[in-house]
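Letters A, B, C, D and E mark the chains as written, and numbering starts fresh at 1 in each.
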Amino acid sequence: MSQDLILKVSNLAKNFGGVKAVNDVSFELQEGEALGVIGPNGSGKSTLINLITGFVKPSGGRIIYRGENITGLPPYKIVSLGIARSFQMAKPFYNIPVFKNLIIPLYSSRARKLKGGAYGDRDEAAIHFLEDVGFERDSQVPYKAAGALPHGYLKRLELARCLTLEPDLIILDELFSGMSMSEIASILPLLAKIREEGKTLIMVEHRLRELFRVVDKAIVLNFGGKIAEGTSGEVMDNEEVRKAYLGSEVLSGA
Amino acid sequence: MKKGYRKERLDRGIKARTDDIFAICSPREIAYIALPRFIVIGALLMFPLLAVLTGIYWQNVLIITCTIALLALSWDLLASAGLVSLGQALFFGAGAYVTGFLSHHYGWPPILSVPAATVTGALLCTMLLYPVLRLRGIYFGLITFAMPLLMMRIVEATKILGGTEGLSGLAPLPGMKVELYVIITVTLVCVFGFRRLIDTDYGLVLRAIRDNDRAVMAGGINIQWYKTQAVFIAALPATFAGAFLTHHYQFVGMPAFALEYSILPLTSVIIGGTGSFAGAMLGAFILVPLSEVLRAFGTLRVVIYCLILLVFAIGLPEGIFHYIQRKYYQFERLVPVEEIKK
Amino acid sequence: MKKKAITFKFLALAILFLLMVTGCGSNDEASIDDVSTIVLGVPTALGSIEGADSLKAVELAVEEINNAGGVSVDGEKRPLEVVSIDTREHEPGLPVHDALAALEKMIVEKKPDAIVVGSFRSEVLLSAMDLIAKYKIPYICTIAMTPDFQKKVSESADYKYMFRMGLNSPYLVNYLSDTMAFINQKFDFNKVYIVTQDVLWAKGTGTGLEKWFQANGWDVVGFDSYPTGASDFSSTLGNARAGNAQVIVPIFDMPQSGILLKQARAMQVPALMAGFISPAASDSAWQTFEGEVEGLVNLVFEIGPIPLQAVPKSVEFNANYGKKYGEETLAKLSGHGPGPAYDSIYVLADAIERAGTLESEALVTALEGTDMDGVIGKIKFTNDHQVIYGLDPKETAIGAVFQWKTPGVRVPVFPEVAAEGEIELPPYIK
Amino acid sequence: MIETVLIYGLVNSVTLILTAIGFSLTFGLSGIANFSHGGLYILSGYSAWMMMHYIGLPFALAAVLTVIQVGILGGLIYRAVIMPVRGIVLSEVVATFAVGVAILEFFRWRGFVTYDFNLPLFIKGSIGIAGVFIDYQRLFIIGIGLMLAVILWFFTHHTRIGLALRGMAQDEYTALSLGIESDWAATLSMALGAALAAVAAIIILPLGIISINMGYDVLLLALAVTILGGLESTNGLIVGCFILGYARVITGTYLGPEWMEVIYLAAIVLVLVVKPSGLCGKSKELEERV
Amino acid sequence: MLKINNLTVFYENAIALNDLSLEIGKGEVVGVFGSNSAGKTTLMNTVAGLTLHMKHREQRKGGERITIIGELNFEGENIIDTKPSYRVKKGIVLCRERHPVFRDCSVQENLKLGGYLRKDSNLGESIEFVYKLFPNLKRLSLKKAGMLSGGEQEMLTIGMALVAQPKLILMDEPLLGLSPLMQEEVVRAVREISKQGVTILLSEQYARPIMPIVDRGYVIENGTQIVSGTGEELMDNPEVKAAYFGM
């Protein structure tokens, strides 16, 4: 695992009509690392992701990706640099077949550049990526309308959509929410594989037990500000985190 | 409905088989797919030849119908990319004024000025709408609604391009038959071209922008750029319609931005059914002749027209085309619930 | 529930189909043309007051002529027949093509021998000229006022089928400027404020008038034009008050101009209103405005809607119109259109008799030689096919200026030949 | 001069508020863009006129009856026209627009085009304020307009039914699960909007003459200010009306009335380019915070 | 109290609930567990009458899209064909998933709306009770509900239902997306409400935090019930345990 700095966020801030959604958040991420972002609802986790991926313009602060300042760039430029994200609410394009959902990212300039400008068979590539996240090529599933997919598969589709862009940094927004234990169990190896490939990961989660099976360290947000950072143990033992977020339930053995 | 039963919609067997193009083997299946298309194309191409039966007046009506159909197609393509326009008149007026300007000031013949106006007009509209493409839904609708009114007022206040008088006595087109074939061909090309375009991967991107633009942005696609392209492509048939009708009537003036050019295409698409292009065309081919037929009612015409519109909008909210298509492709049957529970 | 929905849908489709079929069917019926009648087409905005009144005037004239036996063509007496179609031109947002489609429908299906009244909007008239040039039908228009009409007629022989009996805007300017000179002479007023509707004819008239004012030593305090449908005139009235304007010249044919009238009273602007406000032109306006029109000097474009003793035919017209349509309808008669519309039938009948044929070339030549007395005065066409308007009904056609006076009467005050009373300052001007 | 601008700017702004408030209220409460607003407005004028001239009712009674009757008609329009297509926005728009045009053109067909249709002023006469004369009717407009705004605010914030309507507007299914009936609420909101259109007609129309084309203008105005102010935001509506009302009078006075419409349309375009969700529509931005 | 017999719901041709039967006794806390898309939300909406409302709306637009078959027996009356408002009057109130509150109304107004159908004038008392249950809400009572955090919104949702004085509260995934701290708070409240004698039916996919207070539970999959039993019984079932209660 190389130890190059991939993402550096400094003093990031965002105000929404007087509400400080994200307030002076800084952290660094090395290449190949996995970072968890946790915090109570409304603590600014999603906004943080939106800021990094360009969906929301920051009110202040800087985001450096591989030495390049990407603060305030539009999403498609950020994607073309190799940052992909998933959404908390997986909303696929309901009326088209599942594999066609991946045509969109495959149509992007990044995907085309990776293919060396060649047109390629996008349908084939889409099926290929679907297989990677556990869809079976020969079953009917990839060809059905995406709206009919069960929730767990939607999340996989969401993940596939990220992977299609062959990113270096993947940001997953509450991937586990709404998944059953067995579904999570089946997706964990996938995440492990992604990490093995040397990709960097940021995960926003509530399901701490499962989260800490994937990530090395985490930051904790509350009211838009960072209140703690460290490995799982460090975070869990932090008094402020307990008070604001964890409550009395002890999550041992994570 | 009978207790314990439910209604089920199923694709007809023939539809299921013909979905995959390679499976077609019998003439019946080929006819099933091709016939509806060929009937439409055939009927339209035959129309000008039936001048004796139809009379010059109905030929004229057909030209106007095609014009509105083109505007409606343009609307539908924009809507496919999530841009709900309430101001098709902007495109129409742009095409009309550009060709009027070229023809009046530089004496260009229609064969040059119409294509030039189509492209230039579309470019102008794209430039005008570019700053507001990030607006969504009704806000984009309002802007497009205000644009033609604004253009009209600007022409009025600044007196450019003939001001309130407009430019009259422009070069005429070569004759009814040629006109009919040109506009029919353009309409057909647009319908089938757009239908094909929207099924390609490119069309998929446009539709995806409509359904969930954030997901498309996350897919690394510059939606602003794609929307711009969509506006340009969608503007083409509309500007052409404007340029064509301008030469047909040899006049261009402020009414080129008239509200009716915005409303008629919209109602056409609603009546015909959105998203299929064929629906847009069908809607125009129902509404415009209907409006002409109703001229017999004199001043009561608009009232009756509105009531019929109402009946359709309420009776078939999905649109006539979708309704017919569903009946063509699917059948319904009552099945006992027990049967499906496995 | 479900059944009902289906029947409903089929019903809707059936209605549509039926309409289509009957529509195409009526097409054929109309083409069965009774050879013996002379068909006069009236394609205009029938939903507008000017259009509706003009059609009524046309029908009155046709009835009179038919009662007298009809028009003799080549020795044979043939009755007149009126066919009309609504072009809806007065409605905002109506594209020109729709009005032209209506005109073309009438020409193709009803095959009129001549067209009268004609376009309501100037731009429709201008673009209709190309259509008429194609079908070559004599066309006497009486509503649209653009001077470009004459320009086009004089430029190309293609347009020779077009004539105009109504007032055009240059004549309107003449009338108004003459009135202003009259007012200046009478009260020594020379500060004026022009306010017009922002449409071709009204604004053109305003501009023409402004030039005249400047040339004649008047002080033009301001010149505003309001978009059709404007409903607040406070800025103009405020400016007029601040600028001490003595005369306000309004030129409007939209209903909202009634607001201008009332608002001027409400803001207590001490100026004489003299110009054209369509809602205040008809006899019933005193009642509508509850007397607030008092003192207003208003123009009747072509006499006819106002009886003038100096033109006996106009008195007769008013009496007949009242008899046929009732006094109430007479009281609402609009200030522009009906007079020339009525006369145009007689002019046509006269021309047909002189030409002895319905063939359009001959008819056009005959029309060009028209010289007769009508409701609007003496009718003669210029070379560019416009009836000449002037100040003496014995020489030319004429429009009249009247003033509203208590207890609600329209008193003609200008031109002097036709005047039946003195122009007076209303009580609110000190 | 400046006094005229100030006073008549206020008149204009409040007139705009009155014209648009019915449309905006219906939209805010039930999400229905009632495109028959203009038709109902003119219908109210004619209906009051007919009651006075054909039946001979006094104006006050005719006015009250008209408001009630048009309110009921609004409710009926919901039941007959909107309910079957509820939720398909464009169909709703087309259906209500068709109703509105049908109403307007029906009157045109019946010959309601002459200049004889007008409603009487409440009180005749005018008064000078700071050297500017203004008639009592316009003072009424200001007074009633502001009063209505306050009453409506009270109604939607402090009454059970008003709250229920607002609830329905914000989350239909949650409202349903609390026992609020959605069709009933929507019917009521349509009826209210229609009644407000009638109130506006009765107060504003006496200034001039009732004409059919005004119906189309009223709809356009209502649409423009509602969207400009930010949908479903009453504050936005009021701010929007004041901006446009004053913009009109200021351009009219200093630049010439022919620029009134241009400036006014340009203002709408400009506001939306700078603030895509209208002046007071910031809820969208907040949603992204969660 | 509520007996659901052979409830079947179709969306178009897809089956959402398949012959589901379950029973809730007075004063019980019953849990329905299952993964997403197992039919939990459909069950809740059908019991509250929302599905019926959706069905009617779809029907008007043309097309028979939703089919509801079966029996909902509430205190001896079959309510399957009744309007949502009738069911609220009878005492069934639903807290929908993802705590959808009225965002632009204040907390106080939200609570008032909860008592929309109540005829008596003791609204204040009920609201006071809610404030006692969730002291946080009292502090926020004048704030707009849209500005509240997810946990506070969930409390508000429950509070609104309480003001309606229900006999049976349906809670659709009350813990979804809440932080552990908030989850604890909600569980505490549910226990409190249950003590007041209100019957509770709740659905959850991640059952661990809620398990201790559930009297009885059902596990459903693809619209059908696969296991049922008391809380302990479910916890002991190894298959279920692995799938729904965490490792």
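Keep this in mind: a contact is a pair of C-beta atoms (placed from the backbone, for glycine too) under 8 Å apart; a residue touches a chain by one contact, two chains touch by 3 or more.
All of these numbers come straight from a predicted model, not from anything done at the bench.
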Chain A to chain C, fewest steps along touching chains: 2
Far-end chain from chain A, centres as C-alpha averages: C
Whole-Å gap separating chain A and chain B, where each centre is the average of the chain's CA atoms: 41
Intercentroid distance (Cα basis), chain E paired with chain B, Å: 47
Euclidean distance of C-alpha centroids - chain C vs chain D, Å: 34
Residues of chain B touching at least two other chains: 1, 7, 153, 156, 259, 263, 298-299, 302, 316-317
Touching two or more other chains - residues of chain E: 61-62, 64, 147, 150
For chain C, residues contacting two or more additional chains: 2, 9, 47, 92-93, 198, 227
Footprint of chain B on chain C - complex, ascending: 2, 8-9, 12, 15-16, 19-20, 22-24, 26-27, 46-47, 84-86, 88, 92-98, 100-102, 104-105, 108-109, 122-123, 126-127, 129-131, 146, 148, 152, 198-200, 203, 227
Complex contacts: residues of chain A adjacent to chain B: 53, 55, 74-76, 79-80, 84-87, 91-96, 100, 103-111, 122, 161, 164-165
Residues of chain D that touch chain C when the two form their complex: 1, 4-5, 8, 11-12, 15, 108-109, 111, 113-118, 120-121, 124, 126, 128, 132-135, 137-138, 207-211, 213-214, 216-217, 248-249, 252-253, 256-258, 260-261
Partner chain D, residues of chain B touching it in the complex: 84, 131-132, 134-136, 138-139, 142-143, 145-147, 149-150, 153-154, 156-157, 259, 263, 266-267, 270-271, 274, 298-300, 302-303, 306-307, 309-310, 313-314, 317
Residues of chain E defined as touching chain A within the complex: 14, 34-37, 147-151, 176-185, 205-206, 209, 242-247
